[in-house]
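Each of the two complexes below includes chain A, the first together with chain B, the second together with chain C.
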Partner chain A sequence: METWLLKVQHLSKRYGSRCSYCSTLTGPEQKNRCPVCGTVTACADIHFALNQGEVLGIVGESGSGKSTLMQIVNLALPADSGEVFYREIHEYGSAAPIDLLTLDKYAARSFRNERLGIVHQRPELGVNMHFSVGGNVAEKLLLANWRHVGRIRERTAELMRLTELPPERIDDDPHTFSGGMLQRVQIAKALASNPAILLLDEVTSGLDLSVQACVLDLIKRLQWELKMTMLLVSHDLGVIKQLASRTMVMKNGWVVESGLTDQILQDPQHPYTQLLVSSAL
Partner chain B sequence: MHKEEQTQPILEVCHLKKTFHLHLLDGRLIEPFADVSFRVNKGNFFLISGKSGTGKTSILKCIYRTYLTTSGEIWYDSHMFGRVEIATASEKVIRNLREHELAFCSQFLNVLPRVSALDVTAEPLVRLGVERAEARARARQWLGRLRIEESRWQASPITFSGGEQQRLNLARAFIARPRFLLLDEPTASLDALSKSIVLEMMSEARAAGVTIVTVSHDTTAMEQLADNVYWLQSYEEDLCKRSLRTPPWSYPTASSKVAGCSLRMRESLIWEKGQPILLELIVRLTPAHNFSCLG
Partner chain C sequence: MINNLVQDLLDEFMPQNTTPSHEYPQESETLYNFAFIDEDAKREVRRKLLKAVALPGHLVPFASRDLPIARGWGTGGLQVTMALVEPHDVLKVIDQGDDESVNAVNLRRLIHKTTGIPFTTDTLAATVIQTRHRIPEERLHAHQILVLQVPMADPLRWVEPHIERATEMHAEADYSRMWVYMYESVVRAGDMDVASQYPVMVEGRYMMDTTPIPRYDVARLHMAETLYLFGAGREKRVYAIPPYTKVIPLQFEDYPFTTEHNAAYACAICGANDTYLTSTFHEAPSPSARGRWLRTCSDTSYCRKRLKEKEHLLTTGAS
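Moving on, here comes the complex of A and B:
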């Protein structure tokens, strides 16, 4: 029986000081931006649990707070309130949960380097364009306390093979790589330190169809063969349908519906989800 | 398998009802079926049949939890967790059941592009942790058995014909030998030879103790195998059949289709193999006041 690895409770993130008007509104009917005080709601009272080996999809329109949620979980953005619990799972059981939002910046950084891997929508955000491809992957390994150059190069080449990148191009400049290849460099980089959770933020948007298929295929393999736990943000319902086992639908910072992916897609309950599903190609 | 085990119900559906609330169509309500009850014994082959649009597939989807149940209960006697009420069980339980016990074979194939037919077939085994090489070897056996040409095993199933896709779907459902199989129109687009192979596969699975619930129009082929047949009916159909008789009760408006008439009536439509009971007969034999509750 699987157990939860990450549990998010009461998570909220707002930009601006709330006024007496917008603090009374509790629901996705509320607009992102309060018409009175201009407070922007990115995430409002979000709850979910991510089980080990599971892929949780998050869908919603632009501005619904998907990426903000991802950045908070990646410990790159502070939250206003709420808890993000992480529980280490060993062969013999699980450790006591820790609240990631209470970690100091050094602990947060080492947690991010060792336990999390993130793939951004835009490769430039995840890949340092001034380093070679090998250097990019090695950076993550160095941060996770790898010191032996030979072993680092070996691991880098292994990761490149896993992500179907030609290992002989290890010392090439990222500028000479295509968008799809850079996306795979990001995935290789994210996988470098064997993360417990892989965060995928719109990995296939902006890629052409054949490259998109390669990236999806790769993610699916990671899911089956390595039993990787993933949080997958996408606005493409086709991607969600293929990869996620459970799905959460967000609107204006609120979670409007969550459930098993096939149930969300075939029997949506919330009006917004019905609109979303009926608009899909 | 012992006889006692066979008579234990593995699935009990009680007063199942599903309503679709279409918010985009001004909140219109659609009710494919209501008040459906039946039980399936362990190792049985249970056939659900009826006209198109009576909600046969919706019942299967409710059992698989692709659809949320509006009211009623679905009790499944699982190997992992004991008796589970599917309509209200947690997503975690359902995911575990789907991974290890339940399999659903739909009429349509939905796969990732670029993945070969062989890997698509081997997928359920790989998920269960079987080595890729062994999973592929077993997938080869199933594809061969279902008469899919060997030259096409490396191609993506998206390029396959409708019948081939359906056979691939069946191979995926049977390969991991689940405990409980839900098949949606398993023989709909197959030629006679493929159909006989599929029927043979089903009877083999049943002999191995797998419980099968299937939805099909092809009652002539399925009835040889079926232990029980459940006939779903719409109000309109009911009306036609009883047109010779003036109904002593009033029907609800025909806007919503409801399976059968009353629980009592539909229960009598499930017949044990070899002893079909005609609807007309029941209507004549049953006193009218039994249906007065409907009015």
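Moving on, here comes the complex of A and C:
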């Protein structure tokens, strides 16, 4: 029985007018910018399936299309072509898959709010600095029609404890929090609506090593305890090694290699993956 | 020869009978179109109002015209009123609930000069009521239209300063940030600290700003018999609440919406304790004595009416 929760097929995203030479002059071994028309290929013919409870890592250098792929899955960016199927999995079976890219804006927003949680690389993208920390976490609960302040605060404090944030600072200004703590606030906010898939976009970039280790430990613990399905984007193979069970390597918008993380790291086949692994080691 | 030709052309295009179908004051005949604004502009406002009525609570952009009053002094409400009034209408203009405040008097003068329609201070006798800050105390009826002047049309302005983004949020009914704002006000102040412009949900779809009316008046918008029209001249938006529309203020289960009404206070003039009261400090006549706060009905015409009724009852009772 197939156990996928999210399945991406033929997904492409290009910026530019496109021409008949794009397909031949761009690719993993060439540039991602067409020399004739200047079209930039951000994602090209991406395929992958994400199983329930699995962590899939996407690795690649800057500009390889990882974050674009993440934004498309987060329904924040339209794709040029392809399908992103999502399937609810219940105790007794699974529901019919829906193509998320065909949802209208209203439905896409409600799907994003209810079923997806995202943690951005830059905290200011995920945390509203004008609201308190508790207000930020409560936003997701309010979106899910929670209308009882007492219960909202209880749940917020619970999420703060879960993400190792001091609950007594629930009403504090996010400006008084460190970078690592803000990442935890983002994680608490993302977990508030019990999302089916957690999207992590370079969560440890810009943090010092000890804070990075704490955040990684937290994500590992959450994955273990909550059996969360995660899509993890990183340029750091160390992060991928710690968290992801399967890995996909991207270059110039193309997937050049995918497989089990151990296999990718220990026996890389593609020259680009070999380069990444050797430079990380 | 040429003069004759010109005269013929002029005769052809100039209407022969310049007598108006109804009586205008002399000044308006010579200087102004009926209700100041040109007919095309009024038609545009009416068309946008129809759209607003069809989509309760939705902000409809319109081409706000220049008027001989400054933006922010009621130009939105004035344009809506002028687009609506007809010679047989009876108009009431109030500001802060008062028929005699400076803004109300000036707006009334302008409308009178350009239309000549009759005015009243009696809420029930008016067919169109233009107001700011208050909804009259007396229950309005289906044949009446209440026009509200709006300083800030979009309730999301508090939480989203970018108009494009706020428009998108309205389109997708994404009001979570406004809810967070209300949550934060409860957390910080112990209760919803929104005194006026209280946000409401209209028919469960659009979030709407209620203009600077106090919380006391918000409940009057729900399932009302009257058509409420809102005009924001500076922001170039109109919106509406048609009769019998659900208008629910934002509230939490453990912090329900409450008004500022306190039955322990009564009007110092008419004795009413079921009206919205305003407080004014009255200086003592002698410097040695202390002054005191007096609470009086904000709706002055209703207060006068109640006083008259009281006096009438007293005199008839005495006789």
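What we mean here is this: the second predicted complex is superposed on the first by the 275 of 281 C-alpha atoms of A that agree within 3 Å, B and C clash if a C-alpha of one lies under 4 Å from a C-alpha of the other, contacts with A are read in each partner's own complex, and residues count from 1 in each chain.
The criterion applied here is as follows: a residue touches a chain if its C-beta (ideal position, glycine included) is under 8 Å from a C-beta of that chain, and two chains touch if they have at least 3 such contacts.
The structure displayed is predicted, hence computed values, not measured ones.
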When chain B and chain C are modelled together on chain A, clash or fit: fit
Touched partner set for A:I152, first chain B, second chain C, both or neither: second
First (chain B), second (chain C), both or neither touched by A:E139: second
Touched partner set for A:M129, first chain B, second chain C, both or neither: neither
Which of chain B and chain C A:N51 touches, first, second, both or neither: first
Touched partner set for A:A76, first chain B, second chain C, both or neither: neither
Touched partner set for A:K105, first chain B, second chain C, both or neither: second
Where chain B and chain C come nearest after superposition, their Cα distance in Å: 36
Contact footprint of chain A on chain C as seen in their complex: 159, 171-174, 176-177, 179-181, 183-184, 186-188, 251-255
Touching residues on chain B, where the partner in the complex is chain A: 20-24, 61, 65-68, 91-92, 94-96, 110, 112-115, 123, 126-127, 132
Complex contact set, residues of chain A against chain B: 1-2, 51, 54, 213-214, 216-217, 220, 224-225, 241-242, 245-246, 259-260, 262-263, 266-267, 269-271, 274-275, 278
Complex contact set, residues of chain A against chain C: 105-106, 109, 113, 128, 130-132, 134-136, 138-140, 142-143, 147-150, 152-153, 171
